[in-house]
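Read through the structures below before going on.
Presented sequentially are two complexes of chain A, the first with chain B as partner and the second with chain C.
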Partner chain A sequence: MILLRSVLEQGMIYAIMALGVYITYKILDFPDLTVDGSFPLGAALTALMIRGGVNPLLTMPACFLVGGVAGMLTGLIHVKLKVRDLLSGIIMMTALYTVNLQIAGRANLPFYDNNTVFDNAFVSSIFTGVLYPYRTLVISFLLMLVVKCLLDGYLSTKSGFLLRAVGDNDSIVTSLGLDKGTVKIIGLSIANALVALSGCIFAQQQHFFDISMGTGTVVIGLASVIIGTGLFAKVTLFRITTSVVIGAVLYKACVAIAISYVEPVNLKLITAALFLLILVLGMERKKKVKQSA
Partner chain B sequence: MLEVRHLDKYYNPGTISELCLFSDFNLIVEDGEFLCVVGSNGSGKTSLLNLIGGNLSLDGGGIFFHGEDITKQKDFLRHRRIGRVYQNPGAGTCPGMSILENMSLADNKGKHYGLGRGINKQRIPYYKELLSGLNLGLQDKLDGKVSSLSGGQRQVLALLMATMNPIEFLILDEHTAALDPKTAELVMELTQKIVNEKQVTTIMVTHNLRYAVDYGSRLIMMHQGNIILDKGKKEKAGLKVEDILGTFNEISIECGN
Partner chain C sequence: MKKKFISLTTCLILATTLLIGCGDKTTSTNEGGEKNTQYTIGISQFAEHSSLDNCREGFIAGLADAGIVEGENLKTMYDNSQASMDQASLIANNFVQKKVDLICGIATPSAMTAYNACRETDIPVVYTAVSDPEAAGLTKGNVTGSSDVLPVKEQLAMIHKILPNAKKIGIIYTSSEENSLSTIKKYKELAGEYGFEIVEKGITTASEVGIAASDLVSKVDCISNLTDNTVVSALQTVISAANEQKIPVFGSEIEQVKDGCLAAMGIDYFALGKETGALAAKILKGEKTAAELPFITSEAAEFYVNTGVAEKLGITLDPSYLPQAKESFGN
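Showing the complex of A and B:
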């Protein structure tokens, strides 16, 4: 039961990150590695702010903005300096490593005694007795829901339409008399803003920042997106963003099951193998679609 | 009025495979003209359209819209005044979005793409009216994805989307070449209808000599970066396919096809 709760909690928090990866990978068709840096960027800024006595609620818009700037820089490198998509992300990811260390001041920054969005007087007054252990799950679910609904709303605006169009067929954006580069930069900004927000919430749940907590973020994000969109490709019952959220929870569950059977040192190897499996299964599906079309 | 003045264009400049496509090429398209461009493979028809649209950069000379020098203007800025339909039916539409979403996207051209609702419900009857004029039944499939449409249906939609807003120039880049004869006929009739209604200056590149003769108010034939035949309004009126077939065969045989 505790395992299930922990899977759901982490699934909800990582789902926000996966929604960001969904924007870059699925909508923009841009394999963005910046996320490995922008996830801990959110965590580092959160640790610094909370230790400095800032209201935990304020860390979220702050991380959203800073993550957006990181994504914007990746976009500018790609669009204005014409660096390939993958390399633009690698450059930003590498640069952010130092930025994160500079923000936090050191590689590990705990804040066990400080209030967070999950642990404060208000939350304690609502979640009393048997409900108390479920506070993190409920709050992370609500946060994820707000982000998902806002993203759904954005994707149905005119600006959101353009974002979808640029990934679908970027020549149409040029035909509309607009700069497709700008649209890509906006998409990357929103994506990394969500990833940094996810890092912010994750740090508050864990009560610490660690420089290594971003390693493999892109793998988790991609796996979640591919599981979600692959499994529910034919289901029109709910929106694609919902599929991504479910994908994030399922992926976290897979990893949790995997580590309960193997030594922790093998974790990354298992993660890689799992990701490969998901990718291959996902491609198989794609091929079949192409043949029948 | 669209002017191409003293255009030079080289491919692979400075290398052993350097190819001079245009050298001191000139073309003036008057307002309201419907220009058909035919020519052999590699004669520079599509390159000319790409140079006008800004997808290719030129090595000399200039391009002018109504006297305004747009030679250095970015492609997307030029397209604010141009509507364009490509040979590939997939290039003018977004396959992953619905017909309604595609039309809403095109309908907003020239306006701000902000945080307002992507679909303006009040415009839906107008879209339906546009689509029902085509007799393809598309008006009942507004929520269907464009990827589920046939090539011809997509091309018709692309043509509608390119001409929904006021534009100064319409550029048609072999827009019937990938379609079956019947659909091509339909797309050409629709093209004629739209050009007549909007009185928009049009340049159409085609491989189909019959279309070039039947449609439009002026016909030019290109070969190796030069205009070798130019039939204006009066001459074109009585023109038959046989009249230009000879010249066309000559240049085609020279090219070895």
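Showing the complex of A and C:
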């Protein structure tokens, strides 16, 4: 139960990050490596704010904004300075490493005894008795749900449609007399804002910031998006954002299964094998749908 | 109706797990005799790293000395998070789920995630190879362990003895590693006493070690290596760059001297792990709780030397100094 619970908790938290990666990778067709820097950016800022006695609820909009600025800078480097997409992400990721160290002041910053969104008087008054251990799961689920719904809402506004148009067929945007560069910058901002928010919530769940928290985030994000969209490609019941969330949970589940049953040396290999299995299962499903159609 | 069902089943599940948990404890106390008690511990190690491996082996040896022997009355579960933070957290939760009697966290991130996972349980956490438990917030609560602070003073004295004419000591470190930053601070504080000047080079990834090393070797008389995880993983690069210039590299523990450092005043990680194992044994046997035990710091600095490297570099070692070495290597 505890492992399942922590898989779901981490799945919900990383789903917010995966939604950000979904915007850049799937919608904008922009492989954005800024993620490895903006995830710990949110964590660093959160650690600093919470240790400074700021209300934990305020850390979330703050991280969202700061992450947005990081994404905007990646966008500006790419659009205005005409640096290639991968490289502009690498540049920002590299720069953010120092920024994160400067924000936190140290490579590792704990805040075990401070209030977080998961541990405060209000939460303890609602989640009493047997419900108490489930507060992190419930709260992270609600946060994820709010973010997902807001994103769904945004994607069906005019600005959201333009975002999708830039990825699919950018000449439409140009023919409308609009600047596709601006749309890209907006997309990158929103994506990294979500990633930093996810880092903020992850730090609060773990009660500390560590500079190495961001390593491999982009891989987790891409895997979640690909697993989610691959598995549910033809299932019209879900929105794509929902599939991404499920993808994030499945990713964490694969890692957890590997951890609990496999020798440590074989961990990554088994995790990789599980991903492959999921992807292949997803493909067969697609075929069947085609045949029956 | 549905709500009722869900809450009922959760209650049932929780109740049964609680019952099973209590059952375990009563049988073990009823049996009374220490030897009949079965212990299960989970070891969460942060990365594949020879020092950390030595810690783990020492930890198990320390438990064995106290009569808690693997395979007899001890079952250990070992997991390595391979330097990934979210994986470390899942590993700790997995141990909590399996209701281990104790979790051992090796290296700071593993210790912190284990502590975080156990905060709402009564599972004690014992850590080792954490450089600054105070800064990591691991001094309060049901947690204790051992710290691996490097014996900087002894190291400087040793360098002075082997290279009396050396003025500048170069150090490569990773800017993200808290333990390296605090050690360098110590180096700088104490360097003056021996007339040394510290030249530091900060890096961020293992791939930058080569550049930093080749830059450093032209500016210093010798290089002193810390327990910095990133630099240690690329230690051969540092050693070959330094040896080309006939500059020695001093290590910080036995494995590094084995791998080609000239000498080291270092911690014996196996011994550190062993002391930690003894701490864990006290907690498992119920003699003390983790909260009552303060963390320990390895006091003993051991001298290791590699005479083969000295010969290669044309450095003559004072023959009276050699017998002081705990271990010397000839290759």
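FYI, the second predicted complex is superposed on the first by the 260 of 293 C-alpha atoms of A that agree within 3 Å, B and C clash if a C-alpha of one lies under 4 Å from a C-alpha of the other, contacts with A are read in each partner's own complex, and residues count from 1 in each chain.
To be clear about the criterion, contacts are C-beta pairs under 8 Å (C-beta built on N, C-alpha and C of every residue); 3 or more make two chains touch, one makes a residue touch a chain.
The structure displayed is predicted, hence computed values, not measured ones.
With chain A as the common reference, the superposed partners chain B and chain C fit together side by side.
More residues of chain A are in touch with C than with the other of chain B and chain C. Looking at the shared chain after the overlay, A:171 reaches chain B, while chain C stays out of its contact range. Applying the stated contact rule after C-alpha superposition, one finds that A:179 touches chain B and leaves chain C untouched.
By the touch criterion defined above, A:69 lies against neither chain B nor chain C after alignment on the C-alpha atoms of chain A. Once the two complexes are laid over each other on the shared chain, residue contacts for A:154 go to chain B alone; chain C is not touched. When both complexes are overlaid on chain A, the residue A:162 reaches chain B alone and has no touch with chain C. Taken over all C-alpha pairs, chain B and chain C come no nearer than 35 Å in the superposed arrangement.
Chain A has no residue lying at the interface with chain B in one structure and with chain C in the other. Here chain C touches chain A in the complex through residues 10-11, 13-14, 17, 45, 78-80, 82-87, 89-91, 93-94, 96-97, 108-109, 112-113, 115-117, 119-120, 135-138, 140-141, 175-178, 181, 204, going by the rule given at the top.
Within the complex formed with chain A, the chain B residues making contact are 74-77, 79-81, 83-84, 86, 90-97, 101, 104-106, 108-110, 112-119, 162. Across the complex, chain B is touched by residues 154, 156-162, 164-165, 167-169, 171-180 of chain A. Those residues of chain A whose C-beta lies close enough to touch chain C in the complex are 1-3, 5-7, 10, 14, 97-98, 101, 106-108, 110-113, 130, 132-133, 202, 206-208, 210-213, 215-216, 220, 252, 255-256, 259-260, 264-265, 267-268.
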